[in-house]
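Several structures are given next for inspection.
In the two assemblies presented below, chain A is common to both, partnered first by chain B and then by chain C.
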Partner chain A sequence: MAENQPIHIEALNPDCCNQWLYQQDACLTCAMCASVCPVAGVDNYDPRKMVRMVSLGMVDQVVQSRWPWICTMCGKCEQSCPMGIDISDLTRKIRSLREGKHVPGILSKGLAAALETGNNLSLPKEDFIFILEDVGDEVAEEPGLEGFTVPIDKKGARILTTIHNKLVNTHTEDLKPWWRIFHAAGEDWTIASDNWEGTTWGYFTGDDEAMKVMAGRIVENMRRLEIDTLLWPE
Partner chain B sequence: MENKAENGVRGKESLSAEVMIFGDSVCAQRIAANLVDNGIGVCLAAGNGSSPASIIQDRVQWLSDTRLNHCHGFAGNFTLQIDHGHNQLKKTVQAIVVAEDDSRSPNYSQYRLTPGLRVVGLSDLEEKLKHSMTESFSGTDTRIVLLCGWRKDAHPSVARRMLEGCLQLQAQPGVSTYFMTGNMKVASAGSEELVHKAKQAGTVFFKFTGVFPTIQPQENGYFTIDYPDESTRNTFQLTADWVVVDETIEPANHLELLIQKLGIDQDHIGFAQSDNVRRLSNFTNRRGIFVAGGSRGVLSHAEQLADADQVSLNVLSFLGDLDGEPLAGVTIKQGLCARCLTCVRLCPHRAIEVGSRITVITEACQSCGICTAGCPGRAIEMEGVHIGLETIQRMNHLLAITFVEKPRIVVFGCMRSAGQSHTLIQVSGQALPEGVGFVEIPCGGTIAGRHLLGAFEAGADGVMLCICHTDNCQSEIGNVVARKRAESTRDLLASAGVETERLRIVSLSANMGNEFVYRIKAFIKDIVLLNNPQKENKNG
Partner chain C sequence: MDLATYHDPCNYGRKAEKWFGYGYFNEPRWIMDQCLENWVDLHPNRLHQTCCGGGGGTLTTGYNDERIFYGRRKMDQIRATGARMLILPCHSCHGQINAIKKTYEMDDLVVKYLWELVADCLIF
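Moving on, here comes the complex of A and B:
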């Protein structure tokens, strides 16, 4: 923010956000939020500053700043606020006001890929199936797990489970404990070959529409495979 | 009772009243109405030339343009000399109520402003709003800035009025309000709700704690306000059409004179009631003199009205008890009195009369005994109070027989705090530790150094003096003089080679039964160590 020129308060529109349901106008400027925020001070950010600027009608400045993206969404500010201001939700709202192409890199790319291809990595279906089967073969070599196979697109299974994209990318070992447990429990489970992504980065960018699309796809998989129970580890 | 009042009148105008009310405030008039409704004759002395409201017109004696010259007498029989215009009146009344308005002045200088066309004080604003003179404030794009408690916190009642004014202004067409405050006590009744309402109505709030805005008047009469905002760390600028400043509420100028003439205690600001919980809500150090509304502190309008009703009850109850039994008598033995006036100076209740002889006014005396302990000639006696050497010796006699191996402890305690705590212990089935003799005294101020030394002389190993907490003494200074006297007694002990730790001063309140026992036990433990210094080493 430029600190030299005074900001003409009469040019601002403090009423612009009074329909928002985050109670930001209740702020007493006590600074409890600023004192607990783990990233307060980074780029001169603190939650009180953001809340006050929104309340004064300086939303554009906040949206253009890096502050909402510095926030880790830990929620301590909200817990400590004596006036019950929903600071985390307010931060998400601010993030959502950033134009898509200006959303910080990985979030913007990952979310666009997920909406287009069904997962954040743009991993093709055949590669996904190959990875699952490859890891499945390794599991089948373990004592007591002879004959294990990964049930993909099994109609009428009891449980549908989603997959975090890192488990079919850099952390394939982390798939195995789940599968061992399913096997030991004799669980009737399956994984969908399309739209298997369990994460939805719309949560981080404040993009509720994207979240709706991602969740809708999982629901659609459940309908298609006639499954009642969802295991959604994310 | 009216006849009784007639007797005292010596002036040109013969007036009959049982109660004199000083002040023409809303509070004073309400007290007058309450008392008259109860058949009590009331005279109301206003300082200026104002006239009564219709509710009390023709029912009270209304004296305007008055000044109190002298107050003589006591509860039930006060004689007042009053300047009334060019005349002098003498009036005898049974009770006095001080109910002058407070004084309110806009805080221009706190905001480095001078009074001007576009600078409005809070009371002025309220007048304008009351009479719907708001057209000057409305119009397109009118910006009004309210300044509240920057360098000195605004009193919560003032802050609330500022917020109420702000809400009304914000409701005017075309008006935007900006509330610039220092620390504000939003925890006071109703404040937080008002802040919330104002914010909802569209008022913009800024809070400052260290660096305050600068307000520059422009040639066209408007103001440019520059300010660094502490929470956003931005510099803002605002052009204001109007500036509203808060106000300071203080005792009225002429209250000082009334306080002086009536001989009542003041608080640290100068209101006519000391900072003492025993005075709440409407009492003073003098029996029969009451204080209410803006004379006793900063009260909101609603609080002043409630105060008027409360003080009316207090006065009625006082008048009803006038014929009751007086308290235990304090008498001055004329043969021993040297007319040194120490008692006059000490008495917090103004109960010593200086005439051809020095006498105690029974009706005003509260039997605290501060004078008996302070009298250098030991000329003052209190009926039924025995705290001298003989009393302790009799007690010690008992102690000596029963508890040979225990330290002997004498505890003096004020009947309003330690005495109550002692009763609490007894009714809850407990007892004081063995070897402890408790002497209940009317007030900490009853105790003189000779009583404390007398207890040692009678064989006590330790003496504990229990007084009331600070600003809790029924007689205002009893706990203060007790502490002073005990401390100088300690010096005497030291010069006689006695450990000063053997005399302990503690303060208690009436509901501290367990703490009372705890404090005594801790004292005994320390005295045992003093008696047997080797014991500690052996055990250690």
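Moving on, here comes the complex of A and C:
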């Protein structure tokens, strides 16, 4: 964090980071947010400091810091804010001001893969179907679940459910509980073989357009399969 | 039966309340009541619950020391109940608490999805 830099009033951009103009300027500096934040103190971060820096036009410094990425946007700060400042929304907007290649970890890569292929893993359709059927066969071997199969692309089913990519990657066992429930309930459900991804990493990177694309694809699946109820556990 | 407890994920609770005017606080507790004879709430809970530290993409950023540190309050809350099993309905919270429980010497804590608890109660 650069210190002792002069603040140029003309460079202030009060509507840079929020849904309503000048909201960071409503900060009373009471530090309720800093008091409740579970990660305050790490890297000298606290939500009040971030709000104040945005208010003072020091946006670039906040964007370059790790602060918005060690914050989980849990919303505890804004819940305690007597002025109703949307602090986690501010964090998300600041995240969006980072160039993709400088976003930490795998978020940008996963999101790019999702936009290009329909899922964060770039998992090909035939592999996805193979995994579902393989796990489905295991479920069918359980007592009382004989004959169980995974309905894929079933037109007119009652429920469409999305899939978290980790469930067809490292956590396939975690596919099973929902399937057991569906079976016991006699539910009419299905999974789409394309654009099945339930996570939307645009939420994490502050990319609203990407979120719209991901959500739009799920809606398109519902239209295509003529389904009016969505189970979206992610 | 061992004592269980329930964690309110930020996005289904506090944030849903803010964005959509409705937080899912009662529904999971109704399900807990149907499935378990012996469970208690964490404190604080519902709107005032503490984040586990695994949300917002923090499981993927590589800032792992910070994420593990973040989770200390959640683990303290769970420890204070004496519960042996934690139920939650969120993929990120599930991943985070399983990933950090060893650090907080709570290796034996069983972490289950809410729907996993329901499936476990089914008799076929």
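Throughout what follows, the second predicted complex is superposed on the first by the 215 of 234 C-alpha atoms of A that agree within 3 Å, B and C clash if a C-alpha of one lies under 4 Å from a C-alpha of the other, contacts with A are read in each partner's own complex, and residues count from 1 in each chain.
Note that in this section a residue touches a chain if its C-beta (ideal position, glycine included) is under 8 Å from a C-beta of that chain, and two chains touch if they have at least 3 such contacts.
Computed from a predicted structure; not experimentally measured.
Once chain A of one complex is fitted onto chain A of the other, the partner contacts of A:G75 are limited to chain C, with no touch recorded for chain B. Looking at the shared chain after the overlay, A:I129 reaches neither chain B nor chain C. Once chain A of one complex is fitted onto chain A of the other, the partner contacts of A:D15 are limited to chain B, with no touch recorded for chain C. Once the two complexes are laid over each other on the shared chain, residue contacts for A:D174 go to chain C alone; chain B is not touched. In the superposed model, A:P6 lies in contact with chain B only, and not with chain C. More residues of chain A are touched by C (comparison of chain B with chain C).
Shared-chain residue A:K49: touches chain B; no touch with chain C. Touch criterion met: A:D25 reaches chain B, while chain C stays clear of it.
On chain A, the patch touched by chain B and the patch touched by chain C do not overlap at any residue. In the complex of the two chains, the chain B residues touching chain A come out as 141, 143, 176, 178, 186, 195-196, 199-200, 202, 204, 207, 226, 229-239.
Listed in rising order, the residues of chain A touching chain C in the complex are 38-39, 42-43, 66, 69-76, 78-79, 88, 104-107, 110, 142-145, 164, 166, 174, 176-178, 180-181, 184, 199, 201, 203-205, 233-234. Chain A makes touch with chain B in their complex at residues 1, 3-10, 14-15, 18, 25-26, 28-29, 31, 44, 48-49, 52-53, 56, 58. Residues 10, 14-15, 18, 47-48, 50-51, 53-58, 60-63, 66-67, 69-70, 72-74, 89, 91, 95, 113, 115-116, 118-120, 122-124 of chain C touch chain A in their complex.
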